[in-house]
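Note that the chains take the letters A, B and C in the order they are written out, and that residue 1 is the start of every chain.
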Amino acid sequence: MTSKPIVRVSHVSRYFKRGAERVNVLNDLDLDVPEGQFLALMGPSGSGKTTLLNLIAGLDTPSEGEIWVGDRCVSTMNESQLARWRNEHVGFVFQFYHLLPVLSAFENVELPLLLLPLSARKRREQVMTALELVGLNDRNSHLPSQLSGGQQQRVGIARAIVTDPTLIVADEPTGDLDAKSAHEILDLLGTLQRSLNKTILMVTHDLRAARRADRIQHLDKGRLVDQPDEELYEAG
Amino acid sequence: MKFMMLIFKNLRRNLVRSMLTSAGVMVLVFVITLIWSILGFLDMATSEKSANFKGIVTEKWSIPSQLPFSYANTLENGAAREESDVKPMDSMTWQFFIGSVDKTNIGFSTFIFAFCMEPKKLLTMMDELDSLQPGPKAELDKAIKAMEANRQGIIVGQKRLAAIEKKVGDRIKVFGINYRDLELECEIVGTFPPGRYDNNTCINRDYLNASLDAYKASKGKPHPLAEKTLNLVWVKVPTKDSFTKMSGQIDNSPMFAAPPVKIETASSGVSNFLAAYKDLLMILRYLLAPAIIITLTVVISNAISISVRERRKEMAVLKVIGFQPNQIIFLVLGEAILLGVVAGAISSIGTYYFVNRVIGGIPFQIAFFSSFPVLDGALWWGAAIGFITSFAGSILPALSTRSIKVVDVFSKVA
Amino acid sequence: MVDAVPQQRVQSQLPNRIVDGILAIMKVLGIMLLFILVTALVITFFLYFVTLDNAWLLIPASFSFFGLMLLIVYFAKIPIGYNLRNLTVRYRTTLLTSVAFILVTGVLTGLMGFINGLKRLAQATGNPANVIVLSQGSTEEAVSNLAFESMGDIAQQEGVERRNDEPLCSRESYLVLSLPIAEPVPGSPTRRLLQVRGLFDPVASAQVHDFDLLPGGEWFSAAGVRPDADPNKPPLVEVVLGQGIARQLAGDRSAAARAQARNPEQLEVGDTIPLDTRELVVTGIMKTEGTTFDSEVWSKQSVIGPLLGKSNYTTLVLRATDAQQAQKLEDFFMGKDKDFKYEKTQVNAFTETNYYKSQSQTSVQLLIGTILVATVMGFGGVMGVMNTMFAAISQRVKDIGMLRLLGFSRWRILVSFLTESLLIALLGGLIGCVLGYMCNGLQATSIIGGGAGPGGKAVVFRVVVDWGVLGIGLTLSMLMGFVGGLIPALSAMRFKPLEALRG
């Protein structure tokens, strides 16, 4: 693994206006993530971890500061540039999977590829590769409703990696799963990280999930903190 | 009461949908109101009355009917010759004068269609004019008095007056179209109340007949139509029996040999004329009106099914806290019906006042009817249509709420 | 296997910029094209609504519009299967919504077919080389009154075709006869208004109007009457019937007479029609289908005129040497040219083509009524489809959020949802057209005439649902789908991805 950071967050602040009041969600935050690292972001509710994830994934733009992913400055892109950039460089995994209910597993995974200039054959190859990686190549024609929660999340992961993104962001990927399925999903993420050298950013409440990562970063009140109150997570 | 509030709040919640649906209801009810008014009016005109019959005497075979004016006197008495014969309660003669205020340019802006008759009969024999409110009646009576005082006085319908760009008090010259080479010099002394006679004109029959005499005197020979000036005679009789009896008197009278005449009830005369429009009216009655009502039902049904589907989880919560299935059905039905009835009523009542008061009738030409009033029934039609269509459209979605299970509360995707 | 993936990305990056550029241009072009197409559609729609002549063009136009939408969808990359499957999953809503489209399109095509049939009838009736002469001021035969003496001179004018050194013309007296129906059904009319044309010279009239008789028939004799089998009865009045009226009169007979008739559906040569104390006998049936003469009874004026108390002539029809001459004659009699006009009597003259065109005024009124009804029903349909699409969108907010997250930009979402409503419209429109087409060929009666009063002619005709009518139906349906889908689709486009995902 190289030490060169693939994600560089420098002096980033994010605040919202609520009436006349300014609510600071992130305060002058710095964070580097080296390429190929599996980073877990933890923190209590309202600590700003999801906001940070959204900023890095190009879903939101910082009020102050810069965010670089690879050699691109994400924080200065406009909306349509961001859309294209996300399509090519970021894979998303969600707590509730967010698969389109009327499309089959295969079609759901194929969706992001449709925006790229690929032949149908090429797309098929990539989708099958991705489904194989998540161990679902025999379920490709199933609708989401015909799959278990764990399987749906694997489809979600396959959709996230099918474009071979620079970065995979996962927001509570195990939050809606039972312990066994959660375990499998985390195994899968770990495997992807090691074998494909993917950089993964995961937001979670679950300390057991976080412990599977290379590094755990805690947030509180919009700042990174080094010594978390472990008790907090055990309780949650 | 709380229930009503809940229904009301539900309607307000998706305001866009409620507005779209009510807009749909309103326009569709508007068209149905127009169609039903036209059909209803024609039905009234063609349905046989049981008392105060109006009969029409016309030429037996030929249309348009053209009788010699010498028939007028006898026919006005119902061809009664003996004491025991039936005499009409009232009667009226019609001579049509079709003309133009411009000799060379004949068209919409110059055209005059006039009944030449005894002015006083306007108030006793003409449909609708015989049952005017005191105000308009007094006004028309004033015009009639003016016509009687000055036989060149005429009454012109308001729309016609506007079309020929004249006003009450003006003098006009009307050039005959059916009576060739006959020119009438008239003074407009009044106008009809708005509605049915908007495009008609009334001329004193004495003036037409005097003009025909003058024609004979100046040209040395009678006008070609001189023996064909009487088009219609109206008689009013109290009962069906007296009508049948009078019909016998007229058929058997030796007076009417050439040309022969016939008498028919006003309603049957109208329905004979409408025969040619039969298919058109059938289309209106049996195709268009039902199609619109079905469309309406479908639009409401669609809106309500969508509401129900979106609120399944909410309804499950209601069931959890103790609502009965029937109460939920009532909630859904109530929402649909409230919307349907209110939107329908607003539309048809609005149509009633707007068309009758502002426009002065539905402008649609069928046979000799050129304008139709929106019938009084319109005041309740809209609410009724709204009720029936919204009930029909919402009953299935409402019943479907029975299948909502309480456990749905805990599922994420309801 | 996995190694191939990164390579692919490197390859894809360069052409991506070009694709971006093309897509951007496509986007602008697409919006412009859409705008132009919609405007053009609306304009052609109303243009062709009135003329109906080239309305069939609307069919390729609607389909190419739909094709264009599909093409844009292809470029938008959201698979059309996504829409199709959503439509089938919510099949009940889809069907309900399309019912509105089916009804509107069906009713509209049916009504337009009715109007089209009337219009065809009026168009088919006129012979462009014939000139119809009426008395001054008359625009309808029923109120015309021509002096017999003046007709001779009118026919002698230059431009009128001559046969055997005589001008080819038809002197006619048009009148409407009110004939009692033998056994009227209670509540329905007791009399039939019969259009009778008394002819001075039937042979000349047949030549001018160019009608043949069906086999077995013959024109009336020189006397116009023939003796009755019973010598104590007055002679029978000979008449020739149009095909349509022959069918209708067959239905007016009493049940007993119908049971005895040779043909219960249509009067045949030799059948009689009672008229007061006299009887009319059918000597022939004219091939008049598709013209207004289809509803007429022809007889000898010298016989029928006195019988019905109408001794004057109403109409003089001249056969000009050709259509151009006919137009010249019209101008000549109408005094359109100051230096070259007919001075002796003042008459109204029209080429038959122009005359019957003016007679289709009634269909204009019907057309206006139909447009009103169609617009209002269409409005109802639009409300329906808007509800459906708004609901579809609110149900799929998360889908939209996900798609936006994955990089599908706003216009792609717009196109996808707009196409979905157009799919419903196309489905409903096509079924509605099929329903409307089922009215094609139905026999109907109506009135044609210049407008006011009871002067119009009752005519029998067939409903004509042709490509033009179907084109109008389909176009209206697509327009409804477009208008009803556009506003919800615009709202779908506005969702912010994150907010949408949070729900």
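Quick note on the criterion: contacts are C-beta pairs under 8 Å (C-beta built on N, C-alpha and C of every residue); 3 or more make two chains touch, one makes a residue touch a chain.
Just so you know, these numbers come straight off a predicted model, no measurement behind them.
**Q** From chain A, which chain is the farthest off, judged by mean CA positions?
**A** Ranked by distance of C-alpha centres from chain A, the top chain is B.
**Q** Report the most central chain, judged by the distance from each chain's C-alpha mean to the global C-alpha mean.
**A** Central chain: C.
**Q** In whole angstrom, what separates the CA-based centres of chain A and chain C?
**A** 63
**Q** How many angstrom lie between the centres of chain B and chain C, each centre taken as the mean Cα position?
**A** Chain B and chain C have C-alpha centres separated by 27 Å.
**Q** Report the inter-chain centroid distance for chain A and chain B in whole angstrom, where each centroid is the mean of the CA atoms.
**A** Between these chains, centre-to-centre, one finds 72 Å.
**Q** Give me the residues of chain A that touch two or more other chains.
**A** Not one residue in chain A touches at least two other chains.
**Q** Which residues belonging to chain B are in contact with no fewer than two other chains?
**A** Residues of chain B touching two or more partner chains: there are none.
**Q** Two-or-more-chain contact residues of chain C, please, as numbers and ranges.
**A** Where chain C is concerned, no single residue meets two or more other chains.
**Q** Of all residues in chain C, which touch chain A in the complex?
**A** Checking each residue of chain C against chain A gives 1-2, 4-6, 8-9, 12, 15-16, 19-20, 77-79, 81-82, 85-86, 89, 398-399, 401-409, 497-498, 501.
**Q** Show me the residue ranges of chain C that touch chain B in the complex, using the header's touch definition.
**A** Chain C residues touching chain B: 92-93, 96-97, 99-100, 103-104, 106-107, 110-111, 114, 135-139, 142-143, 145, 175-179, 188-193, 275-276, 307-310, 312, 365-366, 369, 372-373, 376-377, 379-381, 383-384, 386-388, 390-391, 394-395, 444-447, 451-454, 456, 458.
**Q** Report the residues of chain A in contact with chain C in the complex, numbered from low to high.
**A** By the definition above, chain A touches chain C via 54, 59-60, 80, 83-84, 86-88, 92, 94, 98-103, 107, 111-112, 114-118, 122, 125-126, 129, 132-133, 159, 163-164, 195-196.
**Q** Considering the complex alone, what residue numbers of chain B touch chain C?
**A** Where chain B meets chain C, its residues are 16-17, 20-21, 23-24, 27-28, 30-31, 58-64, 66, 98, 100, 106, 111, 113, 177-178, 180, 199, 224-225, 258-260, 264, 268, 271-280, 283, 287-288, 291-292, 294-296, 298-299, 301-303, 305-306, 309-310, 364-365, 367-368, 370.
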